[in-house]
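Okay, got some structures for you below.
The same subunit A turns up in both complexes below, where it pairs with subunit B and then with subunit C.
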Partner chain A sequence: MVVQGIRKATVGQNGVGAFILQCKRLDFHYCDWAGSSKGMNSFLRNSLTKFAALNPQVEITVSPRPRRHPVIKGTYINGREKAICVRNLTKEQVLQKAELLRDANGEKLKKVTKPVKSINESVRGVWSPYHDGGIHV
Partner chain B sequence: MKRLRLERWSGQLFTARSTPASIRPCCLRQQQAALPPRIRFSSSAAALSDDLILEDGEELEEEFSSSSSDTKYPSPPLEAAFNSSKLAALHARLNLSQKLPLHTMARTLVDPSADSNADFNNAALSNLGGSIMSYHVSEWLLCTYPRLPMTVLFAAAYAYSGPKTLQMVGKEWGVETAAAPGGEVDPGYLQFSKLKPGQGLQTQVGSIRPDSKSYYRRGMSSRVVYDDEFGDTVPKQAENDLPLPTEHAYASFVKAVVGSVYLHSGSAAAKTFVTNHILSRYLQIASLFQFREPVRELSRLCAREGFEYPVARIVSETGRRSRHPVFVVGIFSGADKLGEGAGPSLGEARTRACVHALKAWYLYSPGSNVRVPSEMEVAGAKEWEPVHIDIGEVIH
Partner chain C sequence: MRRIPITSRSIGLLRPYTTPMPNLCSICRHQAPAFSTSSLRPSLDTTTEKIRRKIWGTDDPPGLEDPYDGQSRFEKKPKPTVVPRQMTAAPQLPADYVPSSTWDGLESVGDIWEPEYEFGGFLPAEMVTDTDEMTAALHRAMVEIFALKQAGLSLLDLPKAILGVDPTHDVDIVPGADGTQLRFNKDSSLAEVLQALIHDVSLSPVDETAEKGAPTEAEEDVAADRSELDPLHPDESSTPIDETAVKEWPTESEEDVAADRSEVDPLKDSEAYMPYDELIASWDPSWLQVSVEDPEIKFAILKRTLQLTGVRVPDSAIRSTRTAQSILSHLVTPPKPRKLIDALEQKEDLITLPNVSVFAKRVTPIHREKSIGRWKLIEKELESRDLPVTGNW
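Presenting the complex of A and B:
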């Protein structure tokens, strides 16, 4: 055995081949009494069924959170959580926030400065001083 | 070729629980398979006994009549699969066909270490799915990189479908493990007995190889014949119901999903599933090589292929007498440059150049979308053109 194989693991590239939505679960918390939950309650009564039917890959739970502001919590495949307080928002605005959480990938927000991120090696290669004819002084 | 009637085989997955499983008559299983899948077995005994026809007059077990049957069984009951939002979300997330029912999906998540009853764990599905997955991975590797040495081929198969990768795949699907297996657990969790902290792994006892002594040399050719798809020995008796590491539980779950896709949706769907989830992952095969004697191996290669004897020549250099010299050495066979490498000494640069040349030889590929044998299963496929077959490694 002159050549030996080194054991490694492949790296997943979500979206190349299969795409897995990164939002696993959305928890909707509401309060029956407080006024800040008005829009949330209206969303739960009228729009949640449609939202859930359109997004079968997200597990949805609804639970009361008495005497607190309404909150939507997203749980992601990378293990992180994102919570958005939807106090005093209208039904449509709550839907927007739910869609924002659904589309997020769970990573911390960061500034994207380069348009392309790749794990492939550079095709061109790194510039080498030894292949350029050298510098003649 | 005659088509396989897979839906007939998948009927056996709809069995209701009854102990002991092994002595249950086959006719009873058929009756249950014909029931509508949404029936709840624990709702009432009367409704069930109307539907079930027992040919040998066997009495129904009390398990069916009790309403709190969840805790009696080591894994969740059939009806729990339809009430689990986690499981339905997982099914939708993987974009699986509606032909694959939720209770099969629930069964893929039950490891033999959680439920030893073969009718309710994923052992059979995982066995089936594992062979389908390794078939597609190996045919793709062999056709895309026909010159890979056997050791590297084993390593590449391990990288694509080994337990470490499959654990990552399972986690990337959003599957979590249950703290402990049981009938009351949500069927959307992966259930297996976990190893306790400090508990050692079970060492493998024996193998299916015919060697009479354990220290006998295990050559490459014999690994192809006797060992598994990664070149590891296959244990003689696999103990299924012992606690196992998380990565093995995840691996058998992912394999079981492939198996259930094959069983319910057919071989084309299973191939697409493997291509999308396993073969689409990123791997630099060039990084799997480890050469012991690259210079000797390259000279043997040139002799075998009838190339001129390889000669190392300095392409450029800098700082020979300094603290940080750099030499760029090229390997030439006649007028052809086979490879090039840079290093801090002439020997190092030559070795790197040889490794470069050997990798260029071994990683020959006819293209990434080369035809594979399984494409011939499609009706009306073009005639098969033989793929490139290499004569093998340079030095064994």
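Presenting the complex of A and C:
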């Protein structure tokens, strides 16, 4: 059962009510022959069981992709996909990439310039006790 | 430019003394070389020989007479003497022998090949790969070896041929404190196992000295074989036959006697058709814990198992095997999976996870459409528009 995002009539605020992991599926593609898949194959043999058991909400598929570099592809509930080529990486590095895709939200990467992200940004900025006049009793 | 006279060259100073050359003019005398710096060509002078003799310490130093004649000492190897080939006498052929020009009517073509010279290998022609069959073969080997040991026979008395009927199906191997014992169930006995194992009647525990009435047909053959009485000349006197003497070479008829007297029905092999898994389940599982620490027993079991199955246990693993279980683990060790999918399918904990699916082949877009039931619609729409139904399969 794939996790479906609720059709939103309002703006979702993930984590305010209940946290929904944005990544719904991870596809692991490997090649049996090529040496660039060595670390990926080792990850699938040794670490995938633990990773899959720790993330039961993520659908995991493993399929070969002959004569190609190994790839992890993440599918997100906003409909987008992210793919990372893990050629020549070690088992531990492949695990890091899998965790990165799992934790991603599926959005395009954006440069974060402001300390606060809000869907309802205030024109007045963030209140600060040091820059206000203070409360006079 | 003023020419430097030769006499004033520095090399000329090495000249120990001026050789008088009265027949040369003064110019030629100056242009002629004072002495040569190259080595002397002829080395056969007495000085060289003296030095060589001093070095080698003999009057006949080794080496060439003339080292500059171009021939090395190593090239002067004695030529191998050619031994003239001995002509063997041709076999005597019959006088009326005519070589045939075609193979029509010939019984055989080529050299005469005697079947007795045919190579019969120790190992079976086909290696056993089934796990249950391998387990049954190990059990059979162990029963036979322990039967030999129980009967006090040498463990080297194993037959070379493998018998078709296996009499060890109903035998349990029981590990005990005072040694491993065999427990024979309803349709088996030690004699039966040994009889199938050893063809030699003198070694088998069949009682030859028992009183036998109503001799069988085969026994009459034995008597005829053993008798020194010539059936064609019955009048000649014969010496009494000592029937109690140990018979070293049993005749073929004697083996028939053993087969006749034996209570084993050779056609009774209904158990042989029992599936191996049921057979293995019928044994007491403690037989896998039987100790094979005795090197003689271990070697005999491994040899017999090798003969039955064709599977060789590596030498490095033999030393560490202590029980039947460990031998079995080396016999049935599955080969390393060549493909990742084979390795993943062996991991039960991964396959049984509900969120994991493993595919043996590449998953294409068509597979994904099919999995959600959309491919038929796509196919139908493509056909209605006269478009080719293609895609990545």
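Observations on the model:
Throughout what follows, the second predicted complex is superposed on the first by the 109 of 137 C-alpha atoms of A that agree within 3 Å, B and C clash if a C-alpha of one lies under 4 Å from a C-alpha of the other, contacts with A are read in each partner's own complex, and residues count from 1 in each chain.
Definition applied: a contact is a pair of C-beta atoms (placed from the backbone, for glycine too) under 8 Å apart; a residue touches a chain by one contact, two chains touch by 3 or more.
Everything numeric here is computed off the predicted structure, so don't read it as measured data.
By the touch criterion defined above, A:Tyr130 reaches subunit B but does not reach subunit C.
Applying the stated contact rule after C-alpha superposition, one finds that A:Leu48 touches subunit C and leaves subunit B untouched. Applying the stated contact rule after C-alpha superposition, one finds that A:Pro66 touches subunit C and leaves subunit B untouched. Look at A:Pro56: by the touch rule set out above, it reaches both subunit B and subunit C.
Within the superposed three-chain model, A:Ala34 lies out of touch with both subunit B and subunit C [touch as defined at top].
Ranking subunit B and subunit C by residues of subunit A touched puts B first. When both complexes are overlaid on chain A, the residue A:Ala9 reaches subunit B alone and has no touch with subunit C.
Using the contact criterion defined above for the overlaid structures, shared-chain residue A:Ala104 touches neither subunit B nor subunit C, since it reaches no partner.
Overlap of the subunit B and subunit C contact sets on subunit A: residues 56-61. The touching residues of subunit B, counted against subunit A in their complex, run 85-86, 88-89, 92-95, 149, 151-156, 158-160, 162, 164-165, 168-169, 171-174, 188, 220, 275-284, 287-293, 296-297, 315-318, 326, 328, 342, 358, 362, 393-396.
Those residues of subunit C that touch subunit A in the complex are listed here as 339-341, 343-344, 347, 349-350, 353-363.
The part of subunit A that touches subunit C in the complex is made up of residues 27, 30, 32, 41, 44-45, 48-49, 52-53, 55-66.
Chain contact summary for the complex, subunit A toward subunit B: residues 1-14, 16-18, 20-21, 24-25, 56-61, 77, 119-121, 128-131, 134.
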